[in-house]
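Chain nomenclature is as follows: A, B, C and D, assigned in order of appearance, with residue numbering initiated at 1 for each chain independently.
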Amino acid sequence: MFKIGFIGLGVMGEPMAANLLRKGYSVTVFNRTPGKADKLLELGANAAASPAAVARASELIITMISNDDSIREVYYGDNGLIGAIAPGTIVIDSSTISPALARQLHADISAKSGAFLDAPVTGSKPAAESGSLVFMVGGDLEVIRKVQDVLHTMGRKVIPMGPGGSGSTAKLAHNTIVGINVAALIEGMAIAASGGIDAKSFLELVQAGGAASKMAELKAPKLLDRDFSVQFSLALMLKDLRLASSLSDELKTPTPILEAVKSLYQVGDAMGLGELDLSALAQGYEQWINKRITNHSSVEDSVAAVD
Amino acid sequence: MFKIGFIGLGVMGEPMAANLLRKGYSVTVFNRTPGKADKLLELGANAAASPAAVARASELIITMISNDDSIREVYYGDNGLIGAIAPGTIVIDSSTISPALARQLHADISAKSGAFLDAPVTGSKPAAESGSLVFMVGGDLEVIRKVQDVLHTMGRKVIPMGPGGSGSTAKLAHNTIVGINVAALIEGMAIAASGGIDAKSFLELVQAGGAASKMAELKAPKLLDRDFSVQFSLALMLKDLRLASSLSDELKTPTPILEAVKSLYQVGDAMGLGELDLSALAQGYEQWINKRITNHSSVEDSVAAVD
Amino acid sequence: MFKIGFIGLGVMGEPMAANLLRKGYSVTVFNRTPGKADKLLELGANAAASPAAVARASELIITMISNDDSIREVYYGDNGLIGAIAPGTIVIDSSTISPALARQLHADISAKSGAFLDAPVTGSKPAAESGSLVFMVGGDLEVIRKVQDVLHTMGRKVIPMGPGGSGSTAKLAHNTIVGINVAALIEGMAIAASGGIDAKSFLELVQAGGAASKMAELKAPKLLDRDFSVQFSLALMLKDLRLASSLSDELKTPTPILEAVKSLYQVGDAMGLGELDLSALAQGYEQWINKRITNHSSVEDSVAAVD
Amino acid sequence: MFKIGFIGLGVMGEPMAANLLRKGYSVTVFNRTPGKADKLLELGANAAASPAAVARASELIITMISNDDSIREVYYGDNGLIGAIAPGTIVIDSSTISPALARQLHADISAKSGAFLDAPVTGSKPAAESGSLVFMVGGDLEVIRKVQDVLHTMGRKVIPMGPGGSGSTAKLAHNTIVGINVAALIEGMAIAASGGIDAKSFLELVQAGGAASKMAELKAPKLLDRDFSVQFSLALMLKDLRLASSLSDELKTPTPILEAVKSLYQVGDAMGLGELDLSALAQGYEQWINKRITNHSSVEDSVAAVD
């Protein structure tokens, strides 16, 4: 079993590291903001004082941090990761970063005789906790094979996407679809609400018909209860859409729907909804139509009766 | 059991009427283009020479026709339906029409002491054949109750949406989501393809992750096989999006994503893809990026091996 | 000189009729809302009690009304125009209506042995008052020649566009450009304001450079003074964009920018800005960026000094 | 009079330098691609072998290069500018670069006791030749005052925009409007053409009415003659729109119309129109409507006759 290092103990990283510890792996942890490691220490993790210290104690290092800037700080900053890895070390990043940065990490780590995989995930906190994340991986297939068991401890599926950078590319393409599907659901709900249709009946239709989606399944209960607490914040969705937009520009791929949806989330962010769940985009449409998108009507009881 | 009349024996109407006949209902049929009734006559249907003739032979009439103009012809034209219905007749339309027309039919049929339900469906030919359509119904709950068994012979679910016109409104809102979800899938696939990612791996990711949708499930095999034969034509999707756009204008509901996607399908239609399945929208993006969106790469075999 | 009839004495119609009277034409007037004719009666106009009465007193009739519905009422309603015109009568409509309605009027009036021109205008109240409107005309060139002098009494330019319906088509295509140009100006101003640039300097640049436009010239002073009083209301601009959008749908012409701008004005209308000048769209962006788009900075005085 | 250095002798830079020489300034020139200086040497320019050599010979340096990468090479590369400037040197960049780079240049040159102005222009080759460019300037007003005469030798107007970086910000906001106005013109022309309206008549209307713009004035003759030779290439317009889009993202300013227009130019670029004038965007719409946007009809002669 690999001696594992884990950097980034936030909402996703902490439960991912916990699953590794429960599986019996030796895990050395570091987080830039202190105090996040307590539960993991109880599970047997070792604390390290810096990314470099993690590197010196590990054969396989996993990072789960916020964004490009944080990654650069951890990998290239003072007591950073890259400067301290030994030849043969495998490094996996599961954050959502730009493919360009992923390719740079791949090159710089290979130059140190290490190996790098960009392996972002789909799934949020509950999936991290239950070890059912889905990994999309860029990098050598041989390296992916070596770390299979580790990835399968944190997730239920590992899908190779191509060479280094491909995991990040796939993540942005995937999350483009996520962002658009949520906007589609909410825009459809706005038309239904304006047309006097009960939201519960409409969502029942959506989930039974061609309009069904994973995001509709996840957001329908939140929307009906008007529970906009964060599963995936609107601000983080917007961050991904901006990265996706830059990527499609570089790839010279016209993506008119992504651009329209990005502008929509920018408006939502400007309206102060950034720290709520992305489903709070509904509040933007509610302001426009001056009407709640989710309001049960008296059809509700009849719905149960007829079906 | 109701004596049923069925008008409109096309791709959807024919199997719907067949299911009623197999269930034991007496069904009188009419289609504006002759020759479509043959199979149904073998199943025991009675042929009628006009909508009025159907009306005179029926207690419950179901229409499944193309669009507003066809509906007006059948309902209000020579030997039309409305002029011939007896008091107490129930009329159900399952076409996709404008809510304004649905409300007009509701009013005009009520004025003749009949009852009208606008009950469009989600589901295409296979669902029509297997009796697993989902009906979204506008009109009186009492009337919906009366016809429950008939609807459940053709479908698996009946969802009341509100007063007359609500079924059509729900259909347009629902199909707005369908159209956007397909565009989202294809735009995500275009980014992935431009970024060098194998389509099969990407679609596996989509269906396993937050980007999953009913339309992704239906279109993934067609896209991978480059089988653009019609399940739901691009031209019909565009027709629905135009109706949805007019509706959202009338309801003063801003729908920027619907508008962007409608323009996209208009470009696809202009490119001659109208008579193909709506998934042929992929060919539009392929022209733009000068590259196929669905091409398996050598990662394919490895994918099977690693997972 | 023609005996002229003039129907529709609103913001545009009243000054147009006044110019005809001052030129010496005999003018019989009618307005659905009474009380609008007073000033014209002083100038020598004759009052009529209905469109039909106007028709009986006129050889050439001009209508300047709000929209399709009002037109139908005046032309086809009780004591309407079409039923009362004598053979040889020329009818000119200068409202902004759908091309389909314009073609219908053309056909119905020709059927009465009259002649019809759809001749909408560009220019607002000041141009109507000073007789400097620009007419875009659909209909026979021979008829256009006959009424040249009349049109040149109200305007400075008459441009034939093609057969009946072409004037309305040109109007919608023209106003599509107007609506987009105003949105472009305001969006550019929003970027400048967010970037800390003084609005007055930026508008000076716009008007001196490639970004200059007639709309920038008309709206710059209003925006700098934050004077959103109506020259052309946001609601009327939106009405034109909806007509243009329907027209482009019928013509199967993809118009993605029109659709995006239409959604933007819908949001502005939803925000309650409909009865203000269309430049009030700026207030929409101001809400989003939480900052005024027009605020002079201390660069202002220096600007004068350096140039 | 300043001893001037000029780097970047392309389509714009060459005539700008020529105007300085004709005014009597001593000008030392450098271009990365050799052979561009010949005409200027005849006018009395001195040739330098590198940016650093230009710096050593100059009190005021002007750069007019392609983009961020070229700028970095000239300013920071081997024998680059910044490393060689003496205290008190004024540096003016008139390229179109990102505001972030402009602010960096401002800081790095100030750190060398020099002064920097980001002073991009509006106007293309003819304006460069006739000395009628418009400069939008970011940087200290005192420095702007010092170089007034130099700028007025190349242009007709100098507008201060704010501190360092403001010139570049203004340029991107300004060019956002330019790009949208051209798309608006072409989209309006597409509706007109689909509706059977003669392009010449429509453009006459546009230029006489509320839809008039500088870009309509510049592009009307090119469109009518189907002369798509470059005044400002579609690829360069797209480059500016990408920079503007990144800027508006950083400024958290929703710009839905910019995003829609950027996607449109991306499609044009994908269609191979990048090296043509941006008015070649018309060819994109022509493909969609399968019809020429500019075709004179027989109305043409009649137009002259009636007006």
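Basically, a residue touches a chain if its C-beta (ideal position, glycine included) is under 8 Å from a C-beta of that chain, and two chains touch if they have at least 3 such contacts.
Treat the numbers as computed from the prediction; the structure is a model and nothing was measured.
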Inset, instruction - Decide which interface, B-D or A-D, involves more C-beta pairs in contact, and give its chain pair. - result: A-D
Inset, instruction - Would you mind reporting the rotation angle for the C-alpha fit of chain A onto chain C, rounded to the nearest 5 degrees? - result: 180
Inset, instruction - Between chain B and chain D, tell me the centre distance in angstrom, where each centre is the average of that chain's C-alpha atoms. - result: 51
Legend entry - chain A-chain D separation of Cα centroids, rounded to whole Å: 40
Legend entry - In chain D, residues with contacts to at least two other chains: 252-256, 260, 263-264, 266-267, 270, 288-289
Legend entry - Of all residues in chain D, those that touch chain B in their complex: 256, 260, 266-267, 270-271, 287-290
Legend entry - Footprint of chain D on chain C - complex, ascending: 99, 122-123, 134, 136, 141, 144-145, 148, 157-163, 165-166, 169-170, 172-178, 180-181, 183-185, 187-192, 194-198, 201-202, 204-206, 208-216, 218, 244, 247-248, 251-258, 260-261, 263-264, 285, 288-289, 297, 299, 302-303, 305-307
Legend entry - Complex contacts: residues of chain B adjacent to chain C: 242, 245-246, 249, 252-256, 259-260, 262-264, 266-267, 269-270
